[in-house]
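What follows is subunit A paired twice: with subunit B in the first complex and subunit C in the second.
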Partner chain A sequence: MLDQLISSLTDGLLLGFVYGVAAMGLTLIWGVMSVINLAHGPVIAMGMFGTYLLFTHLGVNPYLAMVPVAGAGLIAGLVIYVIAVHRVINAPHLSSLLATFAVNMIIIGVGTAVFSTSPQNINYSLGSVEVGFLTFPASRLVGAFGAILVTACLYLFLYFTRAGKAIRAVANNRMAAELMGIPSSRVLALSFGLGTMMAAVAGGLIATFFPFTVLSGGPYELKSFVICVLGGLGHPLGALVGGLMLGGLEGLIPTFMPVSWVPVVEFGLFVLVLLVRPSGLFGAK
Partner chain B sequence: MKRFGVGFVFVIALSFIVASLSAPPGATAAAKTVKPAAAAAAKTVTIGFTASKTGKFNVEATRQINGLHLWMEQVNGAGGIKLADGTVIKVADKFYDDESKKERVQELYTKLINTDKADFLISPYSSGLTDASAVIAQQYNRIMITAGAASDSTYKKGYTLVYQSYTPASRYLTGAVDILLKLAPKAKKIAIIHENDKFATDVVKALKIYAEKKGLNVALFEGYDSGTADFAPFINKIPADVDAIMGGGHFADTTTLARQLYEKKINTKMIALLVAPPEPKFAELGDACISVVGSSQWEPLAHFTKESAAKEGITWFGPTGEEFINAYKAKYKEDPSYHSAGGYVAGMILQDAIMKAGSTDTAKVKAALDAMNIMTFYGQLKFATGPKDHGLQLGHDMVYIQWQKDKQGKAMKQVVWPLAGATASAFVCPAR
Partner chain C sequence: MKVWQKPGFWLPLVIVLVWGGAVLLIHQDTMRESAFVLLMAVGLASSLNILLGYTGYVSFGHIVFFGLGGYTGFYLLSEQGWPLFASAIGGGLLSAFIAGLVGLAVLRLRGAYFALATIGINEAARAFVSNFEPYGGATGMFVNFSAYQKYGGPGPALWTTFTFLWITTMVVLVASYLVKHSRFGLGLLAIREDEDAAMVMGVKAPKAKTITYVISAFFPGVIGTLYFFKNGNIEPGDAFQLHMSIEMLVMVMLGGMGTVMGPLVGAVGYQWLRGYLLTSPIFKDLHLAVAGAMLLVIILFVPAGLVGWVRNHVQRLQKVLE
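Let's turn to the complex of A and B:
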């Protein structure tokens, strides 16, 4: 029983790092511009397909493929922001929600037309890692390292670069930041780009260990919402911790009850945190 | 000039009148009988179906449709289905992509019947989609031959026009228990992980009953949602001393389950899974596919012949297995799987019934299907005709394959069960 518990918890935590990266993108966008990005799921799916296409057609190592996928995610985010979000950024939340939902539908529609909804798989194995009685796929371990690396890069960017500081300033008080000469529109676009970049990278990492379809981003988008609420909306580090908590729960729950109860507990927790501590464990900035 | 024209027309008309009067009475009669025959020669029946060209059933459904299209091409290439009265029936298809979604199927089958005027129907792939479409076939009085639809329950709803070409789900994986007990007579414990859908649930319910009857303890019996990609929570629950892991669902999820069982280095004596192992594409798993057992509706190595049919006193119908395989390979440049054979045989069932009925009339073809008992390259085909399970397949049986390595170390399928038709002996899973 203990072996099963530890094994299950390890699998869950390793996955939790990647959930954290996906949620970080969502929470960054919310934290800076108070926009709930409903196009997050399809962008995760596009990250999966980007990695898949680079690996399958150009023979690029799927982990190296994360670099161009991240670049494409950033550009896609800038384009989405300029076309769909910028004009409704000061409108009520419902407007930006509907705008990003429209983008969601467009990406899914185009993705279905191009790739169909057939499952795809990146046939690239790194073998398994054995530590004592624990055995887990090496791809999950690399995925977790990748997630930590991305989180560290985001942290360094936000705290030690001029652009990062501008993002934090805009997130704290957009008007004050503008008065200080920070071009808020450009900063908002960059933030949105960074958020979608995180989603695309998370998608690429997930694609290295699970099969996927155009619609696969949906469940990860939902998990991202739960994680953001757990860790606190607008708090990137909270998202990583929230991801680990969710991953850990996904590992722990099946040890004691049928796996089908996992979403029941997850979303029960979602409601509970909203009721008891709406600002999340780390609180929103 | 005008007068010349009138004269010319008059002469032509007169010559026609003279010709018709001077012709013998028989000639006119012959002309009259030829006319309907010529019309009959042009008669084409439309076969309607939906194909999961996209979505999670894409792999299996593509093979099924390939098989069906090959049958159609061969029938039309041979001049059509020739009836006893000389009528020749050609076949044409009409199909839509159901996107592997149940909610699309009923709408599309209604369209196939009402708008496209389909005369006969072939089911979509999978028990779930077929169950949704069968009610439409019955409602609109169309015969439906099902392929890729093994779930028993569809045929226990009182339908009278739905006929199953597959061995029912209740007999799908029970043979795996027999293989396990043959390989490891002291086996005591098995784990069943299955997709929570109609087909897989029907299969594992029957499997559990059979395993327990054989004295095995089912230590884990848990279902996963369709589309599951992470099987770690299920795999972690498998007791360490389990003798076999059985279950799965359809191609996409079962392939992922097999891969993750391998990555987690699960050691057990046998892994027997549904649907995916018999597909040639399963070999893309590499070492993860080795030793995995799968139940198959048909295998290229299966040996049903005219002689074996004669020995059992059953009428042979259709091409030999070799002829089917060669034709399929020539057309699609790949090996056929049992899904391909299922699609082809669905067409053959219809062909045999139309020929025996001597008509395309629904009632007459239904009577021929009820009376059918034939042997084909795919095996025996015979349907239940009682009110409780009308259309359920009675004649056909499963074969079991295991992925083994050939002398060059390349993965290849071997038939391991039933022993009478085995091409190799099954072996216990090597330590991983």
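Let's turn to the complex of A and C:
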């Protein structure tokens, strides 16, 4: 019993790292410009398909493929920001929600026309790892490692580079940052690009675990909302912790009750946290 | 009757009255089906507009009331043998009751937090109903055939359902107008502009918001019951589609939020466009992308929606379009 409990918990936690990366993109965008990016799910799906195409057609190792996928995600984010988000950045929330949702529709629409909605998978196995009584696929371990690497890079970027400091300044107070000579439009565009880059990388990592379709991004987008709220909207590190919590819950709940109850607990918790502590479990009061 | 002299009140009503009346007179099945879809869209968009347009609160998961009300009405109708009218009202009342409970808590959140919470409520409700045995769990329910017998078999029953939907849509439009032009509605508009200022001026914001939430949740519950009775079955995937919820928002936005006529124009326009894109040989593969691009253009360049734009640009129509 205990063995089973620990093994499903580890499984969930390893997955949680990757959920955390997806959520980090969303929370970064929210923290900097107070926009909820509803195009997050399709970008995750784009990351999945980018990795898939590079692997099946060019034979690139899926983990190496994540570098060009990240680059493409960054560029896609810049383009989305310039076309769809920049004009509504100061408009009421409904405008930016619907503008990013329009982008969502465009990506899904083109994606369905190109790839159809049949499931694909990346046929690349690293075998499995045994630690004591625990056995899990090595891809999960590499995925978790990749997630930690991405988080570390994001932190180094935000705290030790000029551009990263500019992002933090704009997130803190856009007006004051502008008065200090920071070009806020460019910083906002960069943050949006970074957010979608994280989503694309998370998509690539998820694609090495599970089969996927064009529509697969949706569930991860919803999970990202839950994670962001658990960790506090706008806190990248909180997103990683929130991701671990969600992954842990997903691992643990099925040992106590039927799997179909998982979303009830997840979204119930989500609404509860929003009501009791909208700043997140770890956010400042 | 003073309101009858206001074209803004009777114009949308007359349009729906003539439209539904014509469908009933011509009595053609295909025509009824397309009118059913359109009227349902008008009813849903208008009831969302009562909350979204007048208070400015973006309910992203409003379809939860359509689903919960639909489920409850369907259960009463099919399993308990209630008549259609009573079950539809029952479905609506349950939605309204849930909205009252949830609203007290959730409406304290503002802006995007509220939008996120409504998405969470919809997903939680979907997941809960999938596990709720009396409602058939993940497979849902099929209508008990004896429910049709009361209305003279399945064919006539569909016409009865259509008539109910037609009346409901008109009631929603009347409610939308009355809310907008009452003292209560003025309070809501004040909340939309600046909630803190409105409270200082004596608007009881929490109570007003909750009442509005309840009103705008009641009608989707009624419409849900009618829709699922027409379909003959109900399942969690159909009842709580987040996508449909967003379509409702798009319709309101397209027509012009905060206007009575807007949701009518937006719903018909959106459904027509969707139908056109789905059947046109050039766009059929890319219909979603084209619809998305159009939505983006409207959000970016015509944020007031069609009705709002006309009102702002043609002075003489300001009194006609509400």
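The working rule: the second predicted complex is superposed on the first by the 283 of 285 C-alpha atoms of A that agree within 3 Å, B and C clash if a C-alpha of one lies under 4 Å from a C-alpha of the other, contacts with A are read in each partner's own complex, and residues count from 1 in each chain.
Keep this in mind: a contact is a pair of C-beta atoms (placed from the backbone, for glycine too) under 8 Å apart; a residue touches a chain by one contact, two chains touch by 3 or more.
For clarity, every value in this text was computed on a predicted model and none was experimentally measured.
Colleague: One more residue to check, A:His93. First (subunit B), second (subunit C), both or neither?
Modeller: A:His93 sits against subunit C, while subunit B stays out of touch.
Colleague: Just subunit B (first), just subunit C (second), both, or neither: which does A:Leu222 touch?
Modeller: After superposing on A, A:Leu222 lies in contact with subunit C but is clear of subunit B.
Colleague: Regarding the shared-chain residue A:Thr112, is it in contact with subunit B (first), subunit C (second), both, or neither?
Modeller: Both: A:Thr112 reaches subunit B and subunit C.
Colleague: Which partner does A:Ser260 contact after superposing on A: first (subunit B), second (subunit C), both, neither?
Modeller: After superposition on chain A, A:Ser260 lies in contact with both partners, subunit B and subunit C.
Colleague: In the superposed arrangement, does subunit B or subunit C reach more residues of subunit A?
Modeller: Partner touching more subunit A residues in the overlay: C.
Colleague: Just subunit B (first), just subunit C (second), both, or neither: which does A:Ser8 touch?
Modeller: Only subunit B is touched by A:Ser8; subunit C is not.
Colleague: Tell me the contact category for A:Ser128 with respect to subunit B and subunit C: first, second, both or neither.
Modeller: first
Colleague: Report for A:Ala102: first if it touches subunit B alone, second if subunit C alone, otherwise both or neither.
Modeller: So A:Ala102 only meets subunit C here.
Colleague: Of the two partner chains, subunit B (first) and subunit C (second), which one does A:Cys153 touch, if any: first, second, both, or neither?
Modeller: So A:Cys153 meets neither subunit B nor subunit C here.
Colleague: So which positions on subunit A get touched by both subunit B and subunit C?
Modeller: 112, 258, 260, 262
Colleague: Using the touch definition from the top, list the residues of subunit C that touch subunit A in their complex.
Modeller: Contacts found on subunit C: 52, 56, 58, 60, 105-106, 108-109, 111-113, 115-117, 119-121, 123-124, 126-128, 130-131, 138, 246, 249-250, 253, 257, 285-293, 295-296, 299-300, 303.
Colleague: If we count contacts the way the header does, which residues on subunit A are in touch with subunit C in the complex?
Modeller: For this pair, the touching residues of subunit A are 30, 34, 36, 83-84, 87-88, 91-95, 97-99, 101-110, 112-113, 222, 225-226, 229, 233, 258, 260-264, 266-268, 270-271, 274-275, 278.
Colleague: Quick check on the complex: what are the subunit B residues that touch subunit A?
Modeller: 53-56, 58-59, 99-100, 196, 222-225, 229-230, 232-234, 236-237, 240, 252, 255-256, 260, 263-265, 284, 286
Colleague: Taking the complex as given, what residues does subunit A use to touch subunit B?
Modeller: Interface residues on the subunit A side: 3-4, 7-8, 11-12, 15, 112, 116-119, 121, 123, 125, 127-128, 130, 135-137, 210-213, 216, 250-251, 253-255, 258-260, 262.
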